[in-house]
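In the two complexes below, chain A is the common chain; its partner is chain B in one and chain C in the other.
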Partner chain A sequence: MSAKSKNRTAPKPRPRIATVWLAGCSGCHMSFLDLDEWLFELAELADVVYSPVADVKEYPENVDAVLIEGAVANLDNLELLKKVRARTRLVVAFGDCAITGNVTSLRNPLGGPDSALHRAYVEEVDGNGSPPSDRTTVPELLPKVLPLHQVIKIDAFLRGCPPSPAAIRELLEQTLSPPSKSRSKKDTP
Partner chain B sequence: MKVTTLTINGELVSASPGTTLLEAARENGLDIPTLCAIEGLSTVGACRLCLVEIEGSSRLQPSCVTAAEEGMEVRTDSDRLQRYRRMALELFFAERNHVCPVCVANGHCELQDRARDVGMDHVRVPYRHPDLSVDITHERFGLDHNRCILCTRCVRACDELEGAHTWDLAGRGRNTHVITDLNEPWGEALSCTSCGKCVEACPTGAIFHKGSTVAEMEHRRDRIRFIAQARGKKEWTP
Partner chain C sequence: MSAENKTITIDPVTRLEGHARITIHLDAGGAVEDARFHVTEFRGFEKFCEGRPLWEMPGITARICGICPVSHLLASAKAGDEVLAVSVPEAAANLRRLMNLGQIIQSHALSFFHLSAPDLLLGMDADPGTRNVFGLMAKEPDLARDGIRLRQFGQEVIEILGGKKIHPSWAVPGGVRVPLSEKGRDAIRERLPEARRISREALDLFRKIAERFAEEAAVLGDFSTLFLGLVAKDGGWEHYDGTIRVMDSEGIRVADGLDPRQYRSYIAEAVEDWSYLKFPYYRERGYPDGAYRVGPLARLNLCDHMPTPLAEEARQAFRATADGKAVTSSFYYHYARLVEILAAVEEVERLIDDEKTRSPRIRAEAGVNRSNGVGVSEAPRGTLFHDYEVDEHGLITRVNLIIATGQNNLAMNRTVLQAARHYIKGSAIPEGFLNRIEAGVRAFDPCLSCSTHALGQMPLQVTLYGPKGEKLDERTRD
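Presenting the complex of A and B:
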């Protein structure tokens, strides 16, 4: 079969979408799940190839669009974020932690990770607390919590803490509809 | 009565003598975004949100403190102005810790409103995340430096309407901050009459009623104009 005729007969590939959970409270994903029965329609329109609510271990190649919840707070977040950017066409900063650092970045004014751990494990506890001594079991904290766009290029920003289900749906519908509609908000300085 | 005639965005408008460009625009139904200006208090040109272009001058001028003059040609909404306004707002958000979802004024904040108006969806400069304090020593009110944009509305409300002058600014540059009395805790500031005018004037969640939690602090900013008018017309003097 020639390449040309193959193109003509092959069914249109289904869009591949994903959601990622970095340093956030999972509220954005709860809001996503609040789309309730529309999630069945979404399943008709696209394949969800990676998500905290799907049992997939490795972020796959060739993803069309991803919603990323949460800020970049530790080395794991950083690594995954870079992988996601390299493997995805449209990257959406999903919710205020992803866009501004938000509550996750409340530790930034305290100084580096050590002062943040001291605040959490020593100052704010009843009795004698101490910071975790084994710092290898959990991912290493970055010096500062960062919003996504300070680490990678972001194509669209979905505001809200959390974004409303309606806003999530609108963005997904726009993304999955033919390219006549605008796909992302322009980011003009 | 003699009037001043000028053009704003290509439209011929008239203004009564002594008005500012901001007043002239608003009298003619054209809005210019503002933050530090509030009806009832003097204007200081602190926030630079109300900048306009004036034909023949390469410098942008804050319309809240620029007098309307005969024959002026003014633009309030050019691409350049819109770019600068968004940048000014981004700098406000980057300067201190405006964590809106956990702020007492979430949903009732003028800084938030202006950002929404210009379609700001993220901040392009790095956040400074300074380590700032909260003063809750006053019996009824609190001050959160994290949310303060240094508009000086509190300073002017307290000085011009209450006559107490409890508030002022201290420090320079990025260390500038509001203080009560001689940089004492608000609860120990003897000049404060606890009238609450500064609370009503504040555009953000920086000054709040104690006990208000997330999104509960609604400033009644129209009270400032109401009090100023009543005083100006001597409505309360027998």
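Presenting the complex of A and C:
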């Protein structure tokens, strides 16, 4: 991360962090929100430049760190993930779905999404349903749900379903204020 | 913009719980012809749960959604109760109610403070870069802190009962695993006064600012539909048990006392090619006339009274705005949500001191005694159905889930259309107008990870399509 740039310029730019939600249940993001009032401190330390809880629609350039929840299940996920990697220095696989596929990947043994789609959109429906297929609006599902590291390089892993707020906080603190020789731990409130 | 038909796309729709986009189709004159709300995620739980033991289902289906895992946990456990053919001990029912209340508080607080308050307090036209919870923390720190603490209170009720804020494995077929400890009860009690203060103040605040949003209230989903949800035996507000009531916008009861386990006899599902979210409708009225709404707005319209005094007062004031008819503007989901937070806080207070809650008998043990079971509860966003079939060993052979948000799908689509017709005229579309269209969806607090239980996600994008369906323009806000 931005650790080395410390003495180069006078006012150090504020770190830019992001959170991304791929195919997961949002529980990892809820655990992030369970940081509760510490979020005020986080807002002092960094700018949150992209997140499902914010209104920025396009993943920005030049992001210092990102937490990515969820696995890669469809073409939209895949495209976004590659973009995120290209525009971010530190990529964190955030939670078990991102790391292993977890519950999201339980469909993999079915061998492709077709039987699950058939179950949901044909069998459970009155009349003749068929799976949504308008590719201008609903993305195609991948044959297999993939953990993030099978698609891009990952810099850090945060385990848990979801990871605990304490673990998230520790990771963010380490990322945002790397321990320097002169300064030990944080002493701010 | 040329004199051709166009489509505007809002992608992703943000500050929603899930992944979606909105497309708005314009005709040659630049007027809105159609608008759609697309859910772009599908995960396939109904299929991959086949073959798994019934006892795993609460834990697995909770992973449908991290915002309302408790709803799935409870509906799943209740479906399990049916398969076991047991009625759960009174203490277990009370404890499950308690956890559901904790969830209603945290989930509604998230919707109001974290996701929608930026629109309501910073303004629909505020800078999109800061129109979010962090912007709220900077501009309205006291309110933001209150919202964070109220959500935290709800999460703590869940944690105190289940040992974990998100995905506790606590409710099981037959009851619950652990009772409420003395220490836990004290911890909850200690935080009640603050929770009550925050929920009352939030309600006052909404009433105060509601006037400013008269225009939005009129065009963000104000139309007639049916309303559907659980009510208690005595017709009161209900979130865990009871029977289904259906009402129309005139406030007239269409059906009452329906057995939730028979949902298939009155609810059917349709599919559209352009969304992974299905379209449930009230069977008797057909598709799409059988559109109905669920969730806080529906529950407050449907019930005869609230179980607690402050909430009942608030409900009466809420219903008075519609002169005895149903409150029909979806914008007032916010209002209804705040009344429910207050009710939930008061109910928590009542339940922790209820003698029955303290009984150590919390679980009925039994084997598989039926080959199917339907579990129904009110999730924060509306009625939730888990329907299982099992073999003689309790392995799942079939699952159907009808999720709250899905049942609002028809109404959300109509909201998007109504909002688009009002705000979009010609090619100049201010960002604040797009945000209002999104705000129309946000009022429903759709949980798309839930509703597509499902393999996908929910961003908002506006695309313009030409007369032959060709893509002419795409607007993604940044």
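Things worth noting here:
Assume the second predicted complex is superposed on the first by the 149 of 189 C-alpha atoms of A that agree within 3 Å, B and C clash if a C-alpha of one lies under 4 Å from a C-alpha of the other, contacts with A are read in each partner's own complex, and residues count from 1 in each chain.
We take it that a residue touches a chain if its C-beta (ideal position, glycine included) is under 8 Å from a C-beta of that chain, and two chains touch if they have at least 3 such contacts.
Predicted model only: the values in this text are computed from it and were never measured.
Once the two complexes are laid over each other on the shared chain, residue contacts for A:E58 go to chain C alone; chain B is not touched. Of the two partner chains placed around the shared chain by superposition, chain B and chain C are both touched by A:C161.
Between chain B and chain C, more residues of chain A are touched by C. In the superposition on chain A, contact of A:E44 is made with neither chain B nor chain C. Of the two partner chains, chain B and chain C are each touched by A:L106.
By the touch criterion stated above, A:A93 is placed in contact with chain B alone, chain C being left untouched. When both complexes are overlaid on chain A, the residue A:H149 reaches chain B alone and has no touch with chain C. On chain A, the surface touched by chain B in one complex and the surface touched by chain C in the other have residues 102-103, 106, 109-110, 161 in common. Looking at the complex, you find that chain C touches chain A at residues 10-12, 14-19, 21, 23, 36, 38-44, 46-48, 60, 63-67, 69, 110, 114-115, 128-129, 131-134, 137-138, 141, 145, 148-149, 151-152, 155, 165-167, 268-276, 278, 400, 435, 449, 455-457, 459-461, 463, 471, 476-478. Residues 83, 93, 97, 99-102, 121-124, 126-127, 129-132 of chain B touch chain A in their complex. The residues of chain A lying in touch with chain B in their complex are 93, 96, 99-103, 105-106, 108-111, 144, 147, 149-150, 154, 157, 159, 161, 185, 187, 189. Residue ranges on chain A touching chain C, taken from their complex, read 21-31, 33-34, 36-37, 39-40, 43, 48, 51-58, 60, 70, 73-74, 76-77, 102-104, 106-107, 109-110, 113, 115-117, 119-121, 124-127, 129-134, 136-139, 141, 145, 161-162.
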